[in-house]
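What follows is a single structure, written as C-alpha cells, with notes after it.
Labels run A, B and C following the written order; every chain starts at residue 1.
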C-alpha cells in the first residue's frame, strides 16, 4: 500500500520551482516579445521607407485618386496649426477648389472636411449625407434675424416641408387664361388643320437657363420653358384682323399692335388705291362683324381709319380670349398720316386697352434644382395633373409625395438633400489659379 | 527472596540489587569494564561484545546485558578475557579507517582510544573489499559508514532518547548498515538533526560536520580538577577521562565574542568566573529591510506593495524573546547579562540548533566549553540540575513571572515567598502534564517548550490550543470546580514552573487584580473553547480529524474547479516573502478544495519569530508540509574586521503568516480566478456540510488506492 | 475564472454600458452622414474601446507584480473578462462595423483573433479545471511533473529492489552526495525474475519517459498487463505489484495532467503575444490618427 500523506506530497515539491519558467511559460515570454516586435518592425519598416499606406484610412474619392499616394498634397504640415499634426485644413482644399460660402447668415460655417469626408472609398465627395444638412436645418438658427425658410427641415420624405408651390392654397400667379383639360382632351382639339390631339411636349419644351449674373455653372438644367405664343398658340389662335391682309398682327403691346395694324392698312391702300371706294365683302368679314359704314371712304386716310377701327376692335376681342384686360391706357403715338415732310413729326394721343402681365412661372421650385432629362421615361401627367385642370390658377406641380414615390431611401432613387439642393452659392464663385503641375503627380 | 544479591567481581564481593547487570555492578564498585556499544542512558543491547567478562561459564558473557546471579564469579581482566577483547577490538579496527573523522577532529574516537589502550596498532585481518560509502546529505551530520561499527548507539539514541525513530538498521550480513527512514540519504530523511546520534556515536561514523574541521580550543582539564567543581559532583570520573577532549576551560578577554548568533555549534558553556552579555543583533525582520541601493523606483514599488513593518498588535502582551540561556531578552532591547554559575548554549549543544544569540564577554571570563556528551551527563546529574534550578529561582523566576502580563503587578515579597515554594518540573515529549477530569492541584507556568491543550470528545481529541514559553495553564481547574477541564500534554522537552494549589489560592486571595486578570483570561478561554466546540457539533468531526484541519484557524483553500493552476498565488507569496514561497500548491485535499496552507491565529498560532534560528525542527514535524526552511542572505559583522559587514546565508523557517502587514493575504489578493480563499475552517466546513446535507465530505486523497 | 453569480454587478454594468453605447449609436448611424473613427462619437467609442483594451492588457502587467496593492487581481480579472467583452462592440461601433484599410484592418483582424482566443480561453477556464479535478485526482504541480516523475522512478526502483533484490539498472545518485545503498539481499532470483523483467523492460522506461503509445499508457491494457503479471509471482509480491500499478496510474495521471494543463494554457500563447502586438499597433494607429 502506497502511503501518500499530505506532507509527503508537499515535500516532493522543489520549493524554488516557480523561479524557473516551464516551456509553456517560456514560450509565452518569447512570443510576447517576438510578436509585438514583429508588429512594431512591420510598422516601423513602412515608416522608415516613407510609405504611409498603413495609415491610410481607405481609398480616396475618385476625383482625388490621382493623389492617393501623395498624402502631402492634402496633409501638409504647413496647413496645420501644430508641427506634428497634418490634418487637412481649408487651405488644402481651397488650393484647388472654389467653395463659395453657403449663406452669409449661416451659423456656424463648417469646414470642408466636415461634409466632404475623404478616404471613404471611390465615392463622389459632393454627395454628402443628409445628417450634415439636417444638423443645421433641423433646428435652424441664423446669425441675425429670423430665418426666411422653414427652421425644422428633416430628410426628404419625412421632415421635409411640402414644396412651396404645391402647398395647399397655393395659386398659379399667371394671368393667361388656359384650360389644360380643354386642350388635352382625348378627342383632340379642332384646328385649322383639322382635329389635333395635343401632347404636353407640343407646348412644353426643355430649356437651359444660365445664371443671370453670368458664370460658367449651369444653375439648373432640364426645366421646361414657358409656353410661347408664337410657337404654341399662334397656330390656332391667329391674330388676323382684315381679310385683305394676310399678315397677322404681331403678338405685342396694344400700341404696337395699333401701329402695326395701321401701317399694314396704309401700305395696302397705297398699293391698291382703287379699293378706296370698294365696300367690304361682307362674306369675308368675321362672323357678327358689322360692315363698314356707308358711304364709302372719301380718301385713303378715311379708309384706313375705318378699317383700322374695325381691325383693332376685332383684335382686342381676340386678346381677351387669353389675356386679362385691366382697362384702358392712353398712349402717345406718332401720327400715322403719310407726311410729305418727314421732318415734321406729329404725335397724337390715343386710348388703347391695358392687359395684366402674364406672369408665366418658368421655375416653380426656387430653392431646388430639377432636371426633366432623367425623368423622361415617365408620362408628364404622372407628375403634373394637367388633364383635369381647368383653371389658370391650378398648380400642376407634383407634391413631395409624388417625388418620394421613387426618391426614398427604400426605393433606390437618390433622396439625399444634394439631389435637389446646392450648398455652395455658385453665384459667388471665382476662378482658381493653378497650384500644381502635371509632373507633381507622376 | 532477597532483593539484594552478592557476587564476586575480580575477587571483590559486591552486593547489588537483583536485576543489575554485571557492567553496572562493576561500575558501581569502581571497576571499569571497557565497552563500545553500551551507554548508561540507553538500553543495553550487547552487540559489540567488547565488555566480555569471564563469568565462569563455557563462553564469555557481555557484561552490559548479563544480569548478575547470586554467587557469580566475574573476572574482568584476566588474560584470556583481555585477549578476547583485544581480538574483538582488532576485528572492529579491521573495518575502521584509522584515524577516523572523530579521531582526526577531536581525538576521541572511542574505538581507536580503546585500540590504542590495548595495543592494537594494525589489524591482522583483511579489510573489506567493497566500500560502504559516505553520506554527506545532511547539513549537520557527516555519515561515514566505513567508520561505523554497528554498535546501535545512534539507533537507541534516536529511538529511545529522542524518540525520533529515524535511524534503524538496514541490510544484513556484510551489507548491514545504519539507515535513515527507509534507507534514504540522511538529508532526505525525516531526521531532525537533533544530534543525538552524533553524540552517541563512539567513532567517526556520525560526526558533527563542524567538529571535523574545528579542534576545541582551550585548556584540557584534569578530571580530578573537574570533579572538584560543585556542579560536577557525582559525575563518573571514567566518563570524564574518556571524554577528556569534550570539556575545555577557556579564558576569554573582555569584549571578545564567545559565540555568535546564527552560527552552528556543538558546545555549551558554563561560566566559572566573570559575566557575559547576551544579545541578538540581526533578527531577520518580518519584512525585508529596504536595499541600501533603494532608488525612487523601489520606493514606489515598496509603496505600491504597501509594505510596512508588522506591528504585531495582537502580541503586544509579549515582551521577551526566549533564547538559549536561562534568561529571556526584552523585546525592545534584546540584551541580558549572565554571571558565574550559569549555563548557556544548551540547546545548540543538545539539539544542534544554531546559536540563538550572540554572547560577548563583559569582563574577563572563564568558561567551561563542553560537547554534547559532557552536557548530557551534566543534565542527568542531580547536583547540576539542582544548581541550575537554584539559579533559575534566584534570577529568572521573577523575570519570568513578570513577563506574564497577569502577574506583572505581583509584589516582590510574594515573589520571594514563591521563590522556594515553586516546583520546577521537566516533562518529556508526549508526557501528560495534567489530565482532563483529574483533580486540579497546581498551576503551571511554561518555562520551556510547547504544551498541547486538548479535550477528549466522542469523535476524537480536539486540540484547543498550544501554549509556549510565558503561557500558563491549570488556572481554570483551580478557579473553577477543582477538576481539570482539559488535558495538557508536553509536545517536546517542556520545563514548567509548578505553583502548588494552596500557593495559588493564597495568591489569588491576596491579589484581587491578579485574580481578576486570571478570571478574565479563563473566561475568554472558556468562551473560545465553547465557540469552537459549538461549531464543531454541526460538523462531522471525523472529517476534520482525518486531515487535522480542525486545528487550523485559517486555511488557504484553492477551489480546484476555478483554479487554472496559473501559479500566481505562489509567485505572489514569494514576492511578499523575500523571494521564497511559503505556499505550496500541493497537499491536503478536501472535496474540491486543495488546502495549500494552514495558519493558526490567536491562541493557536504558529508564528515564526524573527529570531528563528533555522533549526528545522518545526519543518520536520509539520504534518502538512506547510513549514519550510529557506536560506536567506543576511549581513553580519565580519569576525576578522569588526567594522565591516559580510553577507552570509542563514536558514529560517517559513510558514504562512497571512501577510499580516496587509489586510488580505497576498496569495488571495493575487489570485485572478477567485479560486484562492482564506477561510475559517469551522465556519466554512460547517456551511459546506450543511449544504451537502449529509453527503460524505471526508477526505478524498488521504491515501491512494 | 468562472463566471458565476458573483459577476452579477459586472454583468449589469457591462450590459448598461453596451446598451448606452448601442442606444447612442442608432441615431448616430441613422442621422450622421458618415460613421467611423473620425466622427466625434466614433472617436469617443474608439477612446473608450481603447481604454478598455488597455486596461485589459494591463492585467498581464498587474500579474507581474502580484503583491502590489492596486486592487485585487481577481477584480482585475473580472474587469478583463467584462471590459474585454465590451471592447469588441465598442471597437465595432468605433469602426462603424467596417474592417477598414491598411493598419486599421490589420488591427481589426488582430483584435478578432485576440478576442476569439479570449473567448476560447474563458471557456477552457470554465471547463478544464473541473475536468482536471475529476480526471487527475493525483494531480501535482505542473511545473514539477518532471521532478515528481523522477521521484516516482525512485520509488518504483526501491520497491522493486526491496521485493526482488538488486536492481540491474544504472541508478544515478538520487541526491547530491548520497550513495544509493541498494544492498538488498537476493531473494530467489527465479521467483522474482518476471517482476524484474517486467519492471526493467516495460514499466521503468514508461515511468521514466512516458509515451502515449506505450501499452501501460492505456488504463485497460495496463490493467491487463498487471493481471498477466500477477499469476507469475508469489502472493507475497502482490502488494508490490499493486504499488507498481498505483505508480503507473499516477504516471498516467501525470501525463493526463500535463496534456490538460497544456490545453488549458496553450491558448495564452496566441492570446497574450497577439494582444501585445495589438496594443503596439493600436498605439501606432492612434499616432496616425492624431497626425492625419
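Throughout what follows, a contact is a pair of C-beta atoms (placed from the backbone, for glycine too) under 8 Å apart; a residue touches a chain by one contact, two chains touch by 3 or more.
All values derive from a computational prediction rather than experimental measurement.
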{"item": "Per-chain Cα centre nearest the global Cα centre, belonging to chain", "value": "C"}
{"item": "Of A-B and A-C, pair with higher C-beta contact tally", "value": "A-C"}
{"item": "Chain centre separation (chain B, chain C; CA means) in Å", "value": "44"}
{"item": "Rounded Å distance, chain A centre to chain C centre (Cα mean)", "value": "70"}
{"item": "Distance between the centres, which are taken as Cα means, of chain B and chain A, whole angstrom", "value": "109"}
{"item": "Shared interface positions of chain B, touching two or more other chains", "value": "567, 571, 584, 586, 701, 704"}
{"item": "Contacts with two or more other chains, residues of chain A listed in rising order", "value": "1-2, 4, 9, 12-13, 18"}
{"item": "Residues of chain C whose C-beta touches two or more other chains", "value": "138, 140-144, 246, 261, 265"}
{"item": "Contacting residues of chain A [partner chain C, same complex]", "value": "1-2, 4, 9, 12-14, 17-18, 20, 22, 24, 27-28, 31-36, 38-40, 43, 53-59, 71, 75, 84-87, 115, 117, 119-120, 128-132, 134"}
{"item": "Chain C to chain A touching residues, read off their complex", "value": "31-34, 36-38, 60, 100-104, 106, 138, 140-144, 147-148, 151, 155, 239, 242-243, 246-247, 261-262, 265-266, 268-269, 272-274, 276-277, 279-281, 284, 288, 290-292"}
{"item": "Of all residues in chain C, those that touch chain B in their complex", "value": "1-2, 6, 59, 63, 65-70, 72-74, 76-77, 80, 125, 128-130, 132-133, 137-144, 158, 174-179, 181, 183-185, 246, 250, 261, 264-265"}
{"item": "Complex contacts: residues of chain B adjacent to chain A", "value": "547, 567, 570-571, 574, 580-581, 584, 586-588, 595, 622-626, 628, 630, 701-704"}
{"item": "Chain C-touching residues of chain B, taken from the complex the two chains share", "value": "133-137, 145, 170-173, 175, 177, 179, 182-183, 185-188, 301, 304-306, 560-569, 571-572, 575-576, 584-586, 592, 662, 664, 666, 668-675, 700-701, 704-705"}
